[in-house]
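Shared between the two complexes below is subunit A, which has subunit B as its partner in the first and subunit C in the second.
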Partner chain A sequence: MSEHHAHGTEPSSIELLPIELLPIDTAQASSDFVDEWRNAAYNCYSSGHKFCREVCPVMQVTRNETWTPTAFHANVVAMDKGELDIADIAEDYVNCTQCGACELRCPNTLMLGDFYRFRTRTVDLVKAVRTLAVDTGIHQPQWKTWNELTDARSHEPVLGEQPVGQDSVREWADGLDIPIGGDDILFVDCEAAFYRTSVPRAVAQILQMAGHEFGLMQEQWCCGGPAAEMGYRDQAMRFARHNLDNWKASGAKRILVLDPHDYISFTEDYPKYFGAEFDLEIVLVLEVVAEYIRSGALTPRVAIEKTITYHDPCRLNKRKGVWKEPREILRSIPGLTFNDVDHVTQWSYCSGGGGGLAIEKPELTALISGARIKKASELSVDTLVSACPWSERPLSAAGEPENIDVVDIHEMLAESLGITVGGSRGAR
Partner chain B sequence: MTSFRYQDEYTTPPARQITPTTIERFEHVFEVDPSLMTDNVAQQVFPNWDTKRIVAARWDHLAWIHTHFADSVISGEELLRSLDD
Partner chain C sequence: MTAVLEASIVEQLVAAIAPVLGEANVLTSKTARYSRARVPAPFPVHRWAERVPDLVVLPGSTEEVAHVVRVANEFGVPIVPRDGGTGLTDGAVPERRGIVVDVKRMNLIHEIDLENRTATVGVGISMLKLNEVLAQHGLIYPDNPASYPCSLVGGRIGTSGWSLIGSRYGHSRDLVLSFDMVTPTGDIIFVGDGGGRKISKSSSGYQLKHLFMGHQGTLGIATTATLKLYPKAEAEFSAFWAFDDYDVAYKAVGALARAGIATFAGAVLFDEKKVEYLRRDDEAYIPQPESVKALVCSVGYGNSDEVAAGGRRMMRIARDLGARYMGDEISQGDWASRHDRYATPVHGRTLSGQVALMSWHCEDAAINYTDLPAVTREWHAIVEKLRRKHDVFDDWGMFAYTSSDTGVDYLTEIDIGIWEEKLDDTTWAAFVDAKREIAAVSLKYGGSISACHGSCREGEVDLVPQELGGGYDVMLAVKRALDPNNIMNPGKYGLDRAYDNEGDRR
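Up next is the complex of A and B:
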């Protein structure tokens, strides 16, 4: 249990009261929440195998039992029994990157999920608790500011005080002659569009080299995924509605996605928001590019003399099962010495950058990314390749003192294709 | 290459009854008959990709276990014989 009142949040007037004595909105919202999650919580609570603990990146670096996936489910049981309410536990649920390791490694998923059509859903539970907190007026200070700024600017404030907004969301594409609209739309996440602009520039030029026709959105907003992850679901849905309407208005048929976090938003959140109305095709750029290499439409020829390892982004590897294509791409690049770590071992790896953790608790993100870089360091590599822009900032910071460079897979492939990428890798 | 389309992912393939308690929607992927899943465990909405992801991850994990912990592979017959000895 957290002591939220010691950290400046203000739900104290409603804490420690039985559900029936809480203000009506909070009581109803809490009751609805418990009704939705009771079954899942008891099925976790009664299992007790706890394989989730050691694959959890937060648990690995904190050993804090109140921040385990098991505790996250047990709290629901306690809420059901009237022992806890949302004010008691909201702050604990900050401590999750939503990497999905716990729910994949849980035997209820890995061994039985498909058989019972029932699996552990810690990520959804964490999102639901955070949503309940926000809906009942309990905010984490950094998340509140972040989402207010996102709402005001239609993009996440990834550059801090430096403004981001609609007038600059396509600046990364300067000089690349990319049209607006078309059947295929390239969606670029906020971190890549404003901070690591070398990633979308690499992606765009790779696709152009392969002859893939695509355009940009007329008016792109943030995907809304981070807001959903932090509990600001209404805001997330408003952003999603804008993007879907914009795609439909321009006649888009296919959305090309370069960021794993966007891929989650578009294949998991948007279908829940819109149902069958969400009738666009969502394609991961990594898979498109791997296919172009297989077919011979792209052939990396420029040797890159580096010793690398690959960081499996959580949202691709654990949450989507995408791990072959990145390795296929890297093995097609001449000159590389590739010290790979298999994708199952990497179920317990994480950059610490996901789920809003880096915004509310950057010190915890730094511990997790430091642990990830240490594993790379033990392989005697000079470069860690990732495929997720959101992992690349914390990993770069952790890699600097270890002399490990962090490169995006699209940047590296573009270089091997002889493309001068341009843009920024985040240095400001 | 895989891609996501709502209709493809949320249209469940028809079930084939395998045993009185088991059905099959995807080849070699067996599911408990949904009629038995009403009391203690509430079934969830599964997009098709998620079922396939879990099955693939299980095989990957079993292979990983073999790679990391199995010194030798013995047949079921050998295992049974060792119990008799």
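Up next is the complex of A and C:
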């Protein structure tokens, strides 16, 4: 059977206890959780129409109704009625990339958004269930290890056995002469800093070419976003606290972000953690660069003779509504044949790399990225351009047998600006 | 209430099924079972646990479905086919628990025949996804229910569904040419019009296709279907008109439907209560002044020149009856959002006007044109009485949609808001009584209880023998003959009476 309860050491002992013998905080935490989510849960439960189903990347490859926004909301109603508890439901919530497609496709968002200020919040619900699980001692084995290693190294173990840490977090920038500190700080996520180092190198050199002054952090830690996504909220907040203190200590005013996942952490999680104390401006590099191209500060001139399509990263397109600028940038590059697919159609596309899915269930990530690459190959392209380092690893793996190269938009732009990027695209 | 199966029997079922379907496709977790106990039709939350299945299986082929059905016969355990799980008559709800056969994994497109204009698909596919692929060939499968993004081909077969543009392209029964299916005893058969997979009209033998559509999973499980394709329409015409008076709007919808316009795909009449309800929905609907008492919408599809000519004629018919055209923006926008108009919960109101998160219940009778005004009046009176008695219900107004290109009958829909969280045994019983009364009105006027969803739910199901007369006895005989062990979706349509105590193992 595919759906056992959460594994790991703690949960089995907890599962065996009758509900009244659970540690008091499990009962309390569960009831607080249900109180917080009851209305949202009934809002979906009383609709139950499943308009969200076919856009869900996990659903598309598993066709398993247990792992749908409908079920995710209904489970909360069942908890409210005493039919299910956190141990029953925790493992199901692994099966979500937190892409946000279901929220957009839900009539309750589509039709009520502006007037009632309403939005279906499946992603937040998934995060809340994962958090409740961790808080009550239910762990998914891979996530547990991942977060322990992250905690020990202050960075995610993106290179597997090979260590990552403070001593190497700025190695990607070798030879680029980037200062430490300043008004604008470039934040580089773990995947880009250690695995796909060509991305931050491209970004840094594009900004330098545009004359944009920026520096690196004194001591950068993981943004904490992945921990938050997997339910390790306390750890996420500790990491966030470190980064915020570090920015404040160096007098930073703006944080330049190249990774959509960090963009979510800094624009959604950090303000929730710190309130008014978090008064830094968060700037998406893609938007800055698009503006430089518009104003003529950057002009891509080197023709790139490739047939491409663009992968809308879920966190930019579905969660932040950023889809125009990447297309603007790609259209400014000479030589490209651009077989675009509109951003609404791409609500149902995903790389499978997000929300910790690739860590706990890599086989599902592979199916999802395979399906995404298949869409690209139907367009007869040789290259899929993305704008999210976390998508690029699974997409590259899926692209290889199809002869589709996966390139980051910053890498491609840098090339067209005549920059020799350097770094690694992850092949080790 | 059916008892939960003993754990040892579930284990034996798993042991018999998993080697063929694969372990990953046999689910016993609580969440897997709870999430397949429900459909969108409101039901008291406190009774959820009564209908939770013992086991869920996700077969990947016709042979695998047949294997599961044979195992179920061997153990005498009920089988419930489930596809999209959007059906509104509880068809996919395991009322006697047992094994839910969830066919969503069977969603491949096996063939697109461009010359004969057919597609052969697994029944787990959605029309929306199929049409994304067909669009590359300029084709469309025009089965277009309001649940277009979420219902699936197998469920369309199981319900013999109704399509919004059925007056032009026909409904599921016209658009599904043939299918493979597994009978209640686990045999694999093929049904269509005659013998060929791609035949749209045959006189050979009994017309079994009709029998095996709309049976709500009580006569077997369809697995692969061959569908009829059309050229994707070059043009769409949609117009909305406002009226100060229901009677005039009623005349207009009739005139439009009877006009014999070849591109005519459907017309809809919104009654006064529906217009009132839509005023709560400022986002989706541009609010109309109080003077507006009814609306009519009419649509056409086809080649550009034909649609333009048909559209002009529709505009003239409506204008001559004093209709006020509501402009292109509302007309096109509103029709385009027809599949998204289901942000219903927040539109619930108690008698005092308090907002309550309500679920949507939809009655869907088939009524002749001449009887629409009387049925509309009587249905509203029933719901009003219910509301006054129990302040957890709300009247969300009525639609009447053409079902055919001649305007003979209309899918007649009253939408009822139900505060599902508050449903207790008393209010549920009152609701069931109201549904029975609503069905009785439909029959009194010579209509049918259901045009789209089926009539399996508590209340209306009591009147099905009355609706079908001697035909219901034939249903019983067919059920008994094909499903000797009463395995397939038992409890639906009162079909238990086909069995004496010995035959009924449950």
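To be clear about the criterion, the second predicted complex is superposed on the first by the 407 of 428 C-alpha atoms of A that agree within 3 Å, B and C clash if a C-alpha of one lies under 4 Å from a C-alpha of the other, contacts with A are read in each partner's own complex, and residues count from 1 in each chain.
Rule of thumb we're sticking to: a contact is a pair of C-beta atoms (placed from the backbone, for glycine too) under 8 Å apart; a residue touches a chain by one contact, two chains touch by 3 or more.
Everything numeric here is computed off the predicted structure, so don't read it as measured data.
Novice: Applying the document's definition of touch, where does A:271 land relative to subunit B and subunit C: first, second, both, or neither?
Specialist: Only subunit B is touched by A:271; subunit C is not.
Novice: Give one of first, second, both or neither to describe whether A:379 is in contact with subunit B, with subunit C, with both, or with none.
Specialist: neither
Novice: Per the contact definition in the header, classify A:39: touching subunit B only (first), subunit C only (second), both, or neither.
Specialist: both
Novice: Tell me the contact category for A:110 with respect to subunit B and subunit C: first, second, both or neither.
Specialist: It touches subunit B and subunit C both.
Novice: Output check: A:397 vs subunit B and subunit C. Expected answer is one of first, second, both, neither. What do you get?
Specialist: neither
Novice: In the superposed arrangement, which partner chain does A:281 touch: subunit B (first), subunit C (second), both, or neither?
Specialist: After superposition on chain A, A:281 lies in contact with subunit B alone.
Novice: Between subunit B (first) and subunit C (second), which, if any, makes contact with A:50: first, second, both or neither?
Specialist: The answer is second: A:50 touches subunit C but not subunit B.
Novice: Taking the superposition as given, does A:366 touch the first partner, subunit B, the second, subunit C, both, or neither?
Specialist: Touch partners of A:366: none, neither subunit B nor subunit C.
Novice: Identify the partner contact of A:118: answer first if only subunit B is touched, second if only subunit C is, both if each is, neither if none is.
Specialist: In the superposition, A:118 contacts both subunit B and subunit C.
Novice: So which positions on subunit A get touched by both subunit B and subunit C?
Specialist: Residues 39, 43, 110-111, 113-116, 118, which sit in both footprints.
Novice: Mind pulling up the subunit A residues that touch subunit C in the complex?
Specialist: On the subunit A side, the touching residues are 1-5, 39, 42-43, 45-51, 53-54, 63-66, 68, 70-71, 74-75, 77-78, 81, 83-84, 88-89, 92, 105, 107-108, 110-116, 118.
Novice: Across the complex, what residues on subunit C touch subunit A?
Specialist: Result: residues 14, 18, 23-32, 34-36, 38-40, 42, 45-46, 48-49, 58, 84-86, 102, 104-105, 107, 124, 126, 128-129, 147, 149-150, 281-284, 337, 339-346, 357-360, 420-421 of subunit C touch subunit A.
Novice: So in the complex, the part of subunit A that touches subunit B is made up of which residues?
Specialist: 39, 43, 104, 109-111, 113-119, 121, 254, 266-267, 271, 275-276, 278-284, 287-288, 290-291, 320-321, 342-345
Novice: If we count contacts the way the header does, which residues on subunit B are in touch with subunit A in the complex?
Specialist: Per the stated touch rule, the residues are 1-7, 9-10, 29-32, 34, 37, 41-44, 46-47, 49-58, 60-61, 63-64, 67.
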